[in-house]
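Just dropping this structure here.
When the chains are written out, they are named A, B and C in that same order, and each has its own residue count from 1.
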Amino acid sequence: MQNFLWPLRFIGSRIVLLVLASLIIFFSMAFLPGDPAEVILGVDAQPDTLAALHHKLGLDQPLPVQYWHWATGFFQGDFGRSYGYNVPVWYLLAERLQVSLPLAGFALTAAVALGVALGVFTATRRGTWLDLVFMGGIQLTKAVPDFWLAMLLTGFFSLSLHWFPAGGFSGWGQGVGAALRSLVLPAVALALPQAAVLARYTRSAVIAVLEEPFILTARAHGLSERQVLFRHVLPRSLPSVLAVLSLQIPLLLSGTIIVENVFNLKGTGALLLEAVNQRDVPVVQACVLLIVAVVVFEKGLFQWLEIRLSPWLSSDRNGHAA
Amino acid sequence: MFSVATLRVSKKTGLRIVLGLALSYALGGMTSSAMASAQDGSVAVGVNISPATLDPTTNPSEGIRNVTYANIYEGLTAVDEQGAIHPLLAQAWSISPDGLHYTFFLHPGVHFHDGTPLTCATVKFSLDRARSPESLNPQKLVFENIQDVSCSSDMTVLVTLRTAHASFLSELAWADAVIVAPQSASGNAQHPIGTGPFIFKDWKRAESITLEKNQAYWGTPAKLNAVTFRFYTEPLAAANALLDGQLDAYPSFPAPEMAARFEQNSAFVVKQGLAPFKAMLALNNRRKLFAQPLVRQALMYALDRAGITEAMDIPGALVLGSHMSPENPNYTDLSDVYPYNPGKAKALLKQVGVEPGTRLKLVLPPIGYAHTTGELVAAYLEQIGLNVTIVQLEWPAWLAQVFGHHDFDMTIIAHTEPDDIGIYARKDYYFGYNNSSFQALYAAYEAEQDPVKRHTLSVQMQEKLAHDVPNVFLFFVPRTNIARREVKGLWNRLPLPATPMSNVFWGQ
Amino acid sequence: MSILHRITGEARFPLLGLGLGCVCVLGILVPGVVLWLAHLHAAFSINIHARLTPPTPSHWLGTDPLGRDTLAFSLVGAVNSYAISFFSMVLALGLGTGLGVLAAGTGQKTKIIANGVVELGIAFPPIIIAALLVTLCGAGVVQEICALALFFIPGFVRLGQQAAANIYAQDYIAAARLSALTPWRILLRHVVPNMVPGLLVQFSVNVALAMLAETGLSYLGLGAPPPLPELGRILAFYQVHIYDHPHLVAVPGVVVLLLVLGTNMVGDGLRDRFTRQEKKS
């Protein structure tokens, strides 16, 4: 019964959160000083041109009416029209996601691969000099500001060695290779600090599992270290690693603005900040709701994954013999 | 355990893919996009402001002008690099002695990119659209002075003005006055269609715009096959793109501090070009304090403007003494009317009765030079006993506060419009300078047709401002233009915001 | 090797990692505070006629594009940035854990509210929170502290709630309830004191994260206005000189790195110390 209700309650509460978020954004944008029409028409705008544009954008209506228009449109799948660009918002979003999604995916893959690998590696070699060198490196990486790292990476790998382009996204038109190549440096700048955090958590999780009595039992049963690691240790430590990961994904979605800037990438982060600075309310709404939606639903997904991956949490029947 | 097994595999391959990528690119070496563009006759140009729409007749953004003006759209008249007015879509014109009636004779055989021919009806449509009540034209004031537009033949346009306005021909060369066709005008914001030497091809918003050569151009065709404009918000990213070979040219390079690095590199040519630029500490003349000319003069004495200009780190930067920069033929050097003299500044303040420790708010727009200059200005004003608080605003808030509500003491801004000394005759403008003798001078200037007398009047206006200092005039900086050595034909001087590309070519 | 061992915070002598961390942080902050308090104008005031000079005995790392002492300016910037990060975490700790503990100790409704705050807070893009706040209230130190605190409140709510819930589940709380102690007394005498070690560790780790976030905000121009120096704005201002005067970009960057590294080491050292105590008891 509870299992049946859980998804419904989950989705219901997410929708409440989204509505709340949209209200917060809409009304805080409305209270910001500045006027989108003034931004578009600039310093020499005449009062009558301003009024004409206000009317065209629907800004001459009362705020609740504006919100209602936006909300009813949104539920019919119409995200509204950008004030500044004068095109449907979904069009802008689609354009920017072509940069943001590959970048986030690339960075996430790199962060997880590197972080988990380093975490397991150092945990199983705990106390050796390799462990110490890597852990020292991880501490350093955690402390580096990502945009500063990005500047250094560009200076070294693009301008001195010419291995990667210094910025911009070449687009998928010129081949997957060229596209991925233009994302290598920004993805590394984003992934390295994240990988460092992930490595530390993985390391602690693996060490904690390694110290549990059932590992001794497994070894006593004659399993090789490899088998112990992959069949017992990793499955047990994965849930806590996933929990950290679920907290890092939001950072990859919205925390990329500064690094995008350094590499002149035009992703959703840049679009959002630009839209706030132009008072382009429909774009701000859509971007924020997209990010909020991804984050709140991603959390549900991770909770579900955690339960699937740790059967001992849902029922004790299987125990650790699985 | 099934799920874990697959995760293990994907993790491993994931790592391998990342390492593989890094290695293959490490071995692959660099591409030379500059060479590639030379071969196919295209040029990649860096631009600072990304346009949101592409119709200069409904939006004042400099970004639109940089890309579209003289490339996609054309006006009845045109300016050359020196700022002189030339015929373009109007191959000739005549003006009645009272300066009210203009007759334009259109160039025959001009077609828009979609094949629409240019006739008097097109011109009438464009001008009527710009002056209509619902017009969003940024220079609506100019067009509202038009009383009537009529056609005496298909190729002859008669324009009647309400009051004589000697700058009308040069204003027709502005991007706000380009000629657009009735069928395509409403779509120009997204897909611009004009009469120019380049055709709009592709637009990745905020990233790049590509133009293609107009094979059926009515005049001398463009030398390049294609031009790509790329947009940069971060100066360092712009410099990196140029160094990396992603760009072939960058007019108005945003990090002139880095010009030295390009001067040392034989692949690039760095030039300083004149363009309108009047940086100033604008004062709110509506405030009681700044309504007093002696206080404004004290501020002029208080600032080491030569030092501030030097701190801009740009060769060719000049101290300004009035609201005109050296690209203008009427420019007169008035920079030493109030030389740096903090003692005199203090004395003047004392004479007027301004208490030491008087608090002033300096609001700054989000522009690099404003921040640096703002810090310097604040430091100098503190030295004469004023207490300056710096407030950084982002663009809409700054616009609303300074231009909308006139709610500021001081701000720092560079005016980049050509020949705009007339703003001091607008008493409701943001700095609120209301001086009847200046207004009289300006009215005389606008009514005068004779170039020599106009020059004299212009100098008189500059001198009036230099002594009265409605704003603290700071400095002029030239544009820093950087291009690969082989890229020829770019404009170096710039009388108005534009990047005309039709004469650009790859040379030796 | 044994030094490395200590740096990693895995030490048998946790005090050493903690000590090294303190040296990193204080080594930057103490000279910074001294410079600031002594108000050595000569060291970091504007002098446009001595711009970008090479290192001299009076300016160890030369001067910056406005003629200020590069090192002194960065150190004073470090003090500001660190103080802002520190106080924003004090605020986040107070508000966040407060709400978390309340949620743990009281009924379902507070829990729902707390959960909502956490989820919205995590989901809202941090830079937008900062941009909205700064635009609404103007740029300033207080606004920046609030914006940073807002990023971190959800984490502290969650932490406070979990830690308090764990303690409430202990037998001695049941015993206290039976002995008719009021809920407030239970909270203040039993719950809060037992949370302190965990919170202290989390606090120091978050100061390091806040420091990185603060640098990012001020780099984007969302920090406090000049003349107050902040490391992010210093970096943004110096970055165009990365190729002709690379030390201008290196100095503030390394200062950030050392402060964050040091703070993390302090956090790890504290954690080791507390876990050892726990094991002993």
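Throughout what follows, a contact is a pair of C-beta atoms (placed from the backbone, for glycine too) under 8 Å apart; a residue touches a chain by one contact, two chains touch by 3 or more.
Source: prediction; values computed, not measured.
Q: Applying the touch definition from the top, give me the chains sitting in contact with each of chain A and chain C.
A: Looking at chain C and chain A together, the chains touching each of them are B.
Q: With centres defined by CA atoms only, which chain is the most remote from chain A?
A: Centre of mass proxy via C-alpha means gives B as farthest from chain A.
Q: Counting contact pairs per chain pair, which pair wins?
A: That would be the chain pair A-B.
Q: Centroid from C-alpha atoms only, then distance chain A to chain C, rounded to Å. What do you get?
A: Comparing mean C-alpha positions, chain C is 22 Å from chain A.
Q: Where the centres are mean C-alpha positions, what is the separation of chain A from chain B, in Å?
A: Taking the average C-alpha coordinate of chain A and of chain B, the gap between them is 37 Å.
Q: Roughly how far is chain B from chain C, centre to centre by C-alpha average, rounded to an integer in Å?
A: That gives a centre separation of 42 Å.
Q: What are the residue numbers in chain C that touch two or more other chains?
A: Within chain C, residues 131, 135, 239, 242-243 contact more than one other chain.
Q: Touching two or more other chains, which residues of chain A qualify?
A: Where chain A meets two or more other chains at a single residue, that happens at 32-34, 151, 261, 277.
Q: In chain B, which residues are in touch with two or more of the other chains?
A: Residues 236, 366, 394, 397.
Q: Over in the complex, which chain B residues touch chain C? Could you list them?
A: Spelled out, the residues of chain B in touch with chain C are 235-236, 239, 255, 257-258, 260-261, 304, 307-308, 310-311, 313, 364, 366, 371-372, 374-376, 378-379, 390-394, 397.
Q: What does chain A use to touch chain B in their complex?
A: Its residues touching chain B are 32-36, 38-46, 48-49, 52-53, 82, 84-87, 92, 95, 109-110, 112-114, 116-117, 151, 154, 158-159, 162-169, 171, 180-181, 184, 230-231, 234-235, 238, 261-264, 266, 270-271, 274, 277-279, 308-309, 322.
Q: Which residues of chain A touch chain C once you look at their complex with the stated criterion?
A: 17, 20-21, 24, 28-29, 31-34, 126-127, 129, 131-133, 135-136, 139-140, 142-148, 151, 155, 247, 250, 253-255, 257-258, 261, 269, 272-273, 276-277, 284, 288, 291-292, 295-296, 299
Q: Any idea which chain C residues touch chain B in the complex?
A: For this pair, the touching residues of chain C are 45-46, 48-49, 51, 65-66, 131, 135, 138-139, 221, 225-227, 237, 239-244.
Q: Please give the residue numbers of chain B that touch chain A in the complex, ascending.
A: Chain B residues touching chain A: 1, 3-4, 7-8, 11, 14-15, 17-18, 21-22, 25-26, 28-30, 52-53, 59-61, 133-141, 189-190, 204-207, 230, 232-234, 236-238, 240-241, 243-244, 246, 366, 394-397, 399-401, 403-404, 430.
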